[in-house]
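The following pair of complexes shares a single chain, subunit A, combined with subunit B in the former and subunit C in the latter.
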Partner chain A sequence: MGRLARSLRDGIGFDTLLVFFTLAYLLAFAGLPLLYNIVLSFQSVDMFALGSLFHEVTGLENYRAVFEDPLARTVLWNTILFTLGSVLFQFTLGFALALFFNQAFPGSTWFRGLFLAGWVMPGLVVGVLWNWLLSGDFGVINWLLLNTGIIDDPIFWRSDTDYSLLAVMLANIWYGVPFNMILLSVGLAAIPEDLYEAAELDGATAVQRFFTITLPMMRSTIGAVIALGIIFTLQQFDLFAAITSGGPAGSSMVAQYWSWELSFRQFDFGRGAVIAVMMIVVVLGVAAIYVRSTRQETRL
Partner chain B sequence: MKRLAAAAFASGLMASAAFAEDVTLTMWTESSNAPEGVFAKEFSDMDNGIKIDVREVRFDDLVAETLRAFATKTNPDIIAIDNPDHAAFASRGAFLDLTPMVEQSDQIDMDNYFDGPRSSLTWGDGVFGIPRASNTIALYYNKDMFRAAGLDPDSPPATWDALYEAAKKLTDPSNDVYGIAFSAKASEEGTFQFLPWVQMAGGSFDNINVDGAAEALDLWKAFFDEGLTSPDTLTRGQWDSTGTFNGGNAAMVISGPWELKRMAADTQFDWGVTLLPVPSDGAPRASALGDFNLAVFANSEHPSEAFRFLEYYDSQVERVWPEFTRMPSRKGVALAPTGNAKIDAAAPVFVEQLQYARNRGPHPEWPRISKAIQDGFQSALTGQKSSKDALDDAAAAIQKIMN
Partner chain C sequence: MSALNENRKNAVLFTIALVIAAIYLFPLYWMYVTSLKTNSSIFAVPPEFLPGAPQWQTYALIWNESDILRYLKNSIFIATGVTLVTVIVGAGAAYVLARYRSIWIDIALFTILMLQVLPPSLMVTPIFVAFTSLGILEYPRIGTILAISAKTMPFFVILCRAAFMSIPRELEEAALVDGNSRAGAFVMIVLPLARNGILVAALLIFMQGFGEYVYSASLIADNRLQPASIGMTNYLQPNVVTWNAIMAFAATYVTPILAAFVLLQRKIVSGLTSGALK
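And then the complex of A and B:
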């Protein structure tokens, strides 16, 4: 048995082999499509020329068209609002629930598990559910709000341009809370109990313990959860498709849905690719935060 | 098939080479319960050596899925495609020009079809399919509610003004009843519903901002602003909007004959159908021309077998109305009685309305033109722009696409 074979079986060769397969996989199934997407964004792609690899190069024409589109500003603003709003509430509610279930009362683990039920449902199903809840004429949410006297007239969540984005955001917050909660619960469980005991002996109040022990010890977890939250929210597509389709009149259009709409409804693949490219840039930035957060985690 | 071939051999019937090998065709359609799905099954069960595998593709995904398949050369032999999408495929050579086969055919004669459906599948000098059926939209109304509101159920609104007045009288918020339901959704359905109003006012898809079109859009906006239609009309498709009519939450609804079966089964009240109201007495009528065409792909390996199926389809066209409440696209095919009095009473109204039905397009860039029209009426209905500005912007966008 040669040295190479030995190395391959149990040594540096084996490690290299594993890394090689992973890299090759990533390059083939993530790297190449990503690069091709960038190339597409500089080309004019006819709907029937999808099969050919190369298309007419039009330079920055697609970028110009996207930025000049009257919808572009709405989309930019909506995307920021939707992402920040969703992540803020998913995180706060998720954290609150994680702390609550961390109190180890009878049945706490069961209830925590039950909360995950929402998260394991497919996005389209969640979307259809919320579609009914938010329905203007017969929706449960309107019925509740009307009967408690909070509103006098029904809100047409999906059809009112002032509420359409909020409607999807509500659904998305509900959808994302369990995921935030479970990740944050894991972080909470990792904090050594004796830290709290020592602080308690020293007379620290619950609020003081939260800000001086829980939050600092959770820093890397929080960074990771927020970064993942942003990425997942930027990916959120099903809820838009099921609830508003980006409408009415583009009032709930966000970048990810617009990209799909341009590519697969208007068959303008070049412009669809432009938006995808810009989203990749944003996601790269967020991913950097995620990598930093999780790197610290392994050092702990 | 082996057993059948063996049986044929044993009984000495195997005369022609057609039996030597079965040909299997694939067909994509929105529903295997649609006429082409049912007919394909019958055709496959016949002793003709041709099998058709039917695959259902969701209506919303049909074009995107077909483009993808065409790019990778995994497209079917036959497709049932929505008529405004036909030109995109025909103009780029994706569909087979059937002219030579039609000339040889004893069954199919393009002159037998109405002009509208025929022109939707004609591109240049070629014909690229046959119409599956035709449909159009008209005004359904709840006769019981008409009586309760003091309106004459035997003279439903015939003009836009009368429609507005009726909608106003019929709206009854205390009983959760809207005067009228329709679809102003930002999808092909919205275009389908809005374009006839533009056409009645003298406009067309490439002339969308005529004065009358702004009036039509103002009327639509009045329905919304005065609460005569549900605000969800903006986001609901025709099927769901008609659902609210069937449930007694809307006194009138604009939709097509595909609703008849469900309406006859679901409703507890007396209803009727009338022609789409026109701008004023004597104004030209218009309506939308809907439904699908059957086309054969240019790269099919078995074009003549595929064409034989189209011939079979054409031969069964009398069944399209009584069995599927779809209207035949062939001239001179009477709508046979279905046995349901209400459906049979609606039939002549739709037959008349169909005479005024006009195509969307045909244009290879139809999806983008349609999107510009949708943006136009939605931006006006949500109050972002005046009707005039919205349609002017739509016209500018359409000009840009067409040049």
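And then the complex of A and C:
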């Protein structure tokens, strides 16, 4: 038996082969597209140029077109607003629920698990459900708001430019709460019980215990959860497709949807690639911070 | 605290939990209730929170008229393909990354984590252009499976790595002492022991493939090959009024996912939490 075959079956070659197999796949279907994205952003690519891998090079023309687009400012603002709003509320609600279910009462673990039913749903279906809940004339949310006197006239969530982004954000908050809650629950469970007992003996109130024990002990978990929240929110696409399609008049357009729309509705793949490249830089930046911070804490 | 007080406190907490869970799960309840209403009662004001006589014929209607069976078959085809590719290509690396610590392992892990965060709606432009010019989109569902798998693979590797890390190294070493090769010990000892973790991770990947939308919507032009997520959007034309039919479609689509979730809830939760924060 040759040395190579031996090594592949029984030595370091075996490990190398296994890792190489996976990395080669990821390189082919994620790494190369990532680089190709950058190439495309400098080229003019329309429907008729799809036959070949390389196209007419137009330099920074696509970038110029994107920045001068009247929609660009709205999209930038919407993306920031959507991300911050979603992450803030997902995190706050998720943390509140995690704290609540951290009190061990009969059935607490089971109830907590129920919330993940939202998380396992396909994003598109979640969008369709919220589309119906937020319907203008017959939506159950408008009915509730009208009857509790919070609003006087029905809100046309999907067709009112003031509310369309909020409509998608509401759905996204609902969708993201379970994940935040579960991860924060894991962090809470890891805090040693005797810390709380000692503080209680010293006469610390529940609020004091939260700020002097829970928050400091949870710092790395909170950082990780918020970073993951930003990453997942910047990936959110299905809810936009199912609720507003970025409309009306671009009022709920965010970068990750705009990129797709330029490519697959206007068939201007070069400009779609421009937005994709810029957004990917942002996402990878957040991810790098996340990986570095968790690495220090948990020996990745 | 006395036992009586403890009981009362538990009862209060239990009630609050019940209310919160009911509020959170209301959208799912509303989907099922709406799907069973008549064409006129879906528009009743105030809304009817309990269904009247269940209108099962709506399900029969979408079953016969919306090609939902074909859509679901395509969803299953894509989800199965994604799961097979992800598990076969990803399990080995998860094992190696769990066994060793070195600078190379750290670099590989970092690369994998970075690739996990790439938003599909941004990656689909280069993938579409490349796949079209390379002729891969002659087989659109295969192309879609390859693209989705690149997205699910990092998540699977991270979850699976956690499962492999929980297997004592001594068991593997004992197998090597008994004369097994590394490959033999991996297949005979490690894989069977990590079976549960791998299955849970594979199930989560299957669910993702089953509900996937971006790649399918962008890469599959032929209506006959599209999955159920796109079948739903075909229903969602502007000014739709048949919300009961749409909800029946949605319910048919997600009930298998929810059923799997309810049956395996505890394993999914523990699998998820062990992988996500490490």
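The rule is short, and it goes like this: the second predicted complex is superposed on the first by the 272 of 300 C-alpha atoms of A that agree within 3 Å, B and C clash if a C-alpha of one lies under 4 Å from a C-alpha of the other, contacts with A are read in each partner's own complex, and residues count from 1 in each chain.
Keep in mind that, in the parts below, a residue touches a chain if its C-beta (ideal position, glycine included) is under 8 Å from a C-beta of that chain, and two chains touch if they have at least 3 such contacts.
Keep in mind that what you see is a predicted model, and the values were worked out from it rather than measured.
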item: Simultaneous placement of subunit C and subunit B on subunit A, clash or fit; value: clash
item: Touching partner for A:V45 - first (subunit B), second (subunit C), both, neither; value: second
item: Which of subunit B and subunit C A:G250 touches, first, second, both or neither; value: first
item: Touched partner set for A:F264, first subunit B, second subunit C, both or neither; value: both
item: In the superposition, subunit B vs subunit C on subunit A residues touched; value: C
item: Partner chain in contact with A:D238 - subunit B first, subunit C second, else both or neither; value: second
item: Partner chain(s) touched by A:L81 [first = subunit B, second = subunit C, both, neither]; value: neither
item: Candidates 76-84, 130-138 or 184-192 of subunit C: the single one with C-alpha clashes against subunit B; value: 130-138
item: Shared subunit A surface residues [contacts with subunit B and with subunit C]; value: 50-51, 135, 137, 264
item: Subunit A-facing residues of subunit B, complex; value: 63-64, 67-68, 70-73, 88, 92, 94, 176, 185-187, 230-235, 244, 249, 367-368, 371, 375, 378-379, 381-384
item: List of subunit C residues in touch with subunit A within their complex; value: 9-10, 13-14, 16-18, 20-21, 24-25, 27-28, 30-31, 34, 42-43, 45-47, 89-90, 92-93, 95-97, 99-100, 106, 108-130, 132-134, 146-147, 149-151, 153-154, 157, 181-183, 186, 207, 210-214, 217-218, 229, 232-233, 236, 243, 246-247, 250, 253-254, 257-258, 261-262, 265-266, 268-269, 272-273, 276-278
item: Interface residues, subunit A side, partner subunit C - complex; value: 8-11, 14-15, 17-19, 21-23, 25-26, 28-34, 36-37, 40, 45, 50-53, 97, 100-101, 103, 105-108, 111, 113-118, 120-126, 128-133, 135, 137-138, 140, 143, 147, 174, 177, 182-183, 185-187, 221, 224, 228, 231, 234-235, 237-238, 241-242, 256-257, 259-260, 263-264, 269, 272-273, 275-276, 279-280, 283-284, 286-288, 291, 294, 298, 300
item: Interface residues, subunit A side, partner subunit B - complex; value: 46-48, 50-51, 135-137, 156, 158-161, 244-251, 264-268
